[in-house]
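In what follows, subunit A forms one complex with subunit B and a second complex with subunit C.
Up next, the complex of A and B:
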């Protein structure tokens, strides 16, 4: 199954027969003080710098989240989309916990965007899915609902199934649905890694849709977090992860994902890996 | 003679399998149950908290330490029932994550550290509405209410929870403290009028003790 999103001048195709698509996560002020401060002042230069760096590092899609307490998130979203467009024509992933912000973002987006996100909560389904249908966007669906985040695989599958049913009722095609089966911290629950991996595998096998996952949750509370994230990502790609939302400016993560492509015969003559390596470690002369 | 230092070490390094025999042997030697808890296990957890705060140990190690202590306390508990002062808690704390937010790790760490510091904790889970916070605080007759908020969208819920308490009969009975990645001292204490703000689990114990005038 292939999910296609685009800007007026660039199309990105996500699918399990294709190389991994990296959705750059860095345009998000949560836990990023400098970016938060600059956004609060309406200064888009740091955000543009993040966009530029991520695209250069291999992001094909950029996630845009400008959720900051005490600011006008809607106005910021419009500004952010415009600012990123001055830097790159990469398709965007409009990210907000507030459906009104998603609506404003979609209204101000030229092309077909990805929406981040809907989940199985009744209110979310009612508010977000009609927007996705109206703007003919694609959407990230988190496998959680009014009862919380499930730890087990069957509940995740059931929630994914429920969201897909609701989406299809509104005319959203299956290929425009990207499931995020939610990886939790292994430090807090040592079964969390396996359960997320099994969920990925079963969702791919039974529902066939594209999947994303926030890998950095997995390593929360552990030492050597980047390496923990990489191992999880590699295992997740094997189970059906096709478009991780992650940080490609982190070389370890980028290298891991490129090597996944290579090992799964999606990098002819290793050329992507070699050229990325050369860029990261230039020859002296 | 009972090896009391070994009890402390077992908690420190999270050796849950060793703690039972160690505590039993101390009790057999006539060591007072209160001494084992207060002078060795709580002391060990203080050290664990300090190490965690200094980033010398990691979340799973802290959880193992707290579980080890809990295993030890479970053996001692029956001996304390009905004993004057023995099972006395420092205070009762209600803890939950605000409405719309499902994060639980930080909150659960706060709970572990509070319990191992001698507090009684009522965990009311995640996605808690202001009304539920107030009702549960009343039901359990707590001294402190701790609310956790990890999402930038959580601010209105922190605010409305604090407002719900201020507008209720619980107003003068409980102290409110806030924590979590999305909350600042400026917002929670300054703007909303919470009684305290904690940066992490170790700080939470410190702040609550300070509010309740308990020596650290």
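Up next, the complex of A and C:
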């Protein structure tokens, strides 16, 4: 199944027969003091710099989250979309916990956006899915609900199924659904990696939809987190991860995802890998 | 399916429900001048040092190859087995291109050994499989034959099938067959990674046997080879690789395989990973 999103001048297609699509995660002020401060002042220059760096590093889609307490998140989202659009024509992923911000973001987005996110909570389903349907957007769906994040695989599958049913009722086509089966820390629960991988595999096999995952959670509490995330990402790609939300300015992460493409015969003559490597580590004259 | 090999005092079980078993590859003089020279002089001290280092780094099985032109490989194999046994009770993998050396190695091995290797060539089948049957050993089977190494998956599967049929006729049980579907360089052929991964997956699903692979071939001709090998190994584990023949004294390789166990819920409380990491990078007092 293929999910298509676009800006007026660029289309990105996500699908298991295609190279991995990297959704850049860095435009998000959570835990990032400088970015938060600049956004509070209505200064979009750092945000634009993050957009530029991520596109340069291989993000085909940029996630935009401007959630900051004490600010007008709706106004900021409009400014952020405009500011990013000055830098790149990459399609955007409108990201907020607040459905009103999603609505404003979608109203101010030219093209077909990705929405981040809905989950199985009744309130979320009622508030977010109609927006997605109205704006004919695609949507990231987290497999959690009013009871929290399930540890087991069948409950995640059931939540994915429930969200899909609700979405389809509203006319959202299946190919516009992207499931995030939620990877949790293996340091906290040594079954967490397997649960996430099995959820990915079963959702791919039974539902056939595209999937994203926030890989960095799995390594929480462990040493050598970037490498742990890389190994998990490579394993997750084998189970149906097609569009991770991650940080391609981290070279190891970027290299891992390019190598996944190479190992799955999606990098002709190894050109993407070799050129990315040479850009990262230029040969001396 | 579980493959069991043993020394008089240690049993190793290889199976997809268990942690990855690392077969240490370093006792092999090919391309290693110092080790070759010491073996030529009948000096087993370097070989013993390699045995010690690999076991220390997590090899549960040691491959023993003493193939050197112009030496009495049979006599060397007997000496090598004895020398390694002074260091460790790890089960051994008797490795030679010469069936007579395999025969002498097996005759001088106490326990149940692994034999490396047979392939689909008529001569190999006739010479090696009867030895494996006679000594009730397990055997690594390469999916190549008199026509060379096939690039495609169906031919590899057909060769695996043919070797298994011949083996079973001689009374070798299916669980004592370990297939190596042969990973080739992706730099030379950008379909090579996918072919190896698909061969692993189909052999696991259709034949159910354990599998090994020499991962380092895939990265031949590429930059950053150790990292490339790690990503391939993680992907291969997802397709049924259970006992790679590799070098665990390379920390990245070892870390990758331990992380595969962790992500597949085979490392309780992350203890193997955390203790290996702390051994590699001790905390300062």
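Note that the second predicted complex is superposed on the first by the 285 of 285 C-alpha atoms of A that agree within 3 Å, B and C clash if a C-alpha of one lies under 4 Å from a C-alpha of the other, contacts with A are read in each partner's own complex, and residues count from 1 in each chain.
In the analysis below, contacts are C-beta pairs under 8 Å (C-beta built on N, C-alpha and C of every residue); 3 or more make two chains touch, one makes a residue touch a chain.
What you see is a predicted model, and the numbers here were worked out from it, not measured in a lab.
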{"item": "Partner chain in contact with A:31 - subunit B first, subunit C second, else both or neither", "value": "first"}
{"item": "Partner chain(s) touched by A:282 [first = subunit B, second = subunit C, both, neither]", "value": "neither"}
{"item": "A:70 touches, of subunit B and subunit C: first, second, both or neither?", "value": "first"}
{"item": "First, second, both or neither for A:223, with subunit B first and subunit C second", "value": "both"}
{"item": "Per-residue contact with subunit A, leading partner among subunit C and subunit B", "value": "C"}
{"item": "First (subunit B), second (subunit C), both or neither touched by A:187", "value": "both"}
{"item": "Partner chain in contact with A:149 - subunit B first, subunit C second, else both or neither", "value": "first"}
{"item": "Footprint overlap on subunit A, where subunit B in one structure and subunit C in the other make contact", "value": "187, 190, 222-223"}
{"item": "Touching residues (chain side subunit B, partner subunit A) in the complex", "value": "58-60, 63, 100, 102, 104-105, 108, 126-127, 151-153, 155, 181-182, 187"}
{"item": "Residue ranges of subunit C touching subunit A (in the complex, touch as defined)", "value": "186-187, 190-191, 193-195, 197, 218, 222-224, 227-228, 230-232, 234-235, 237-239, 252, 255-256, 259-260, 262-265, 267-270, 273-274, 277-278, 281"}
{"item": "Residue numbers on subunit A that touch subunit B, as the complex places them", "value": "29-31, 67-70, 97-98, 144, 148-149, 185, 187-188, 190, 220-223"}
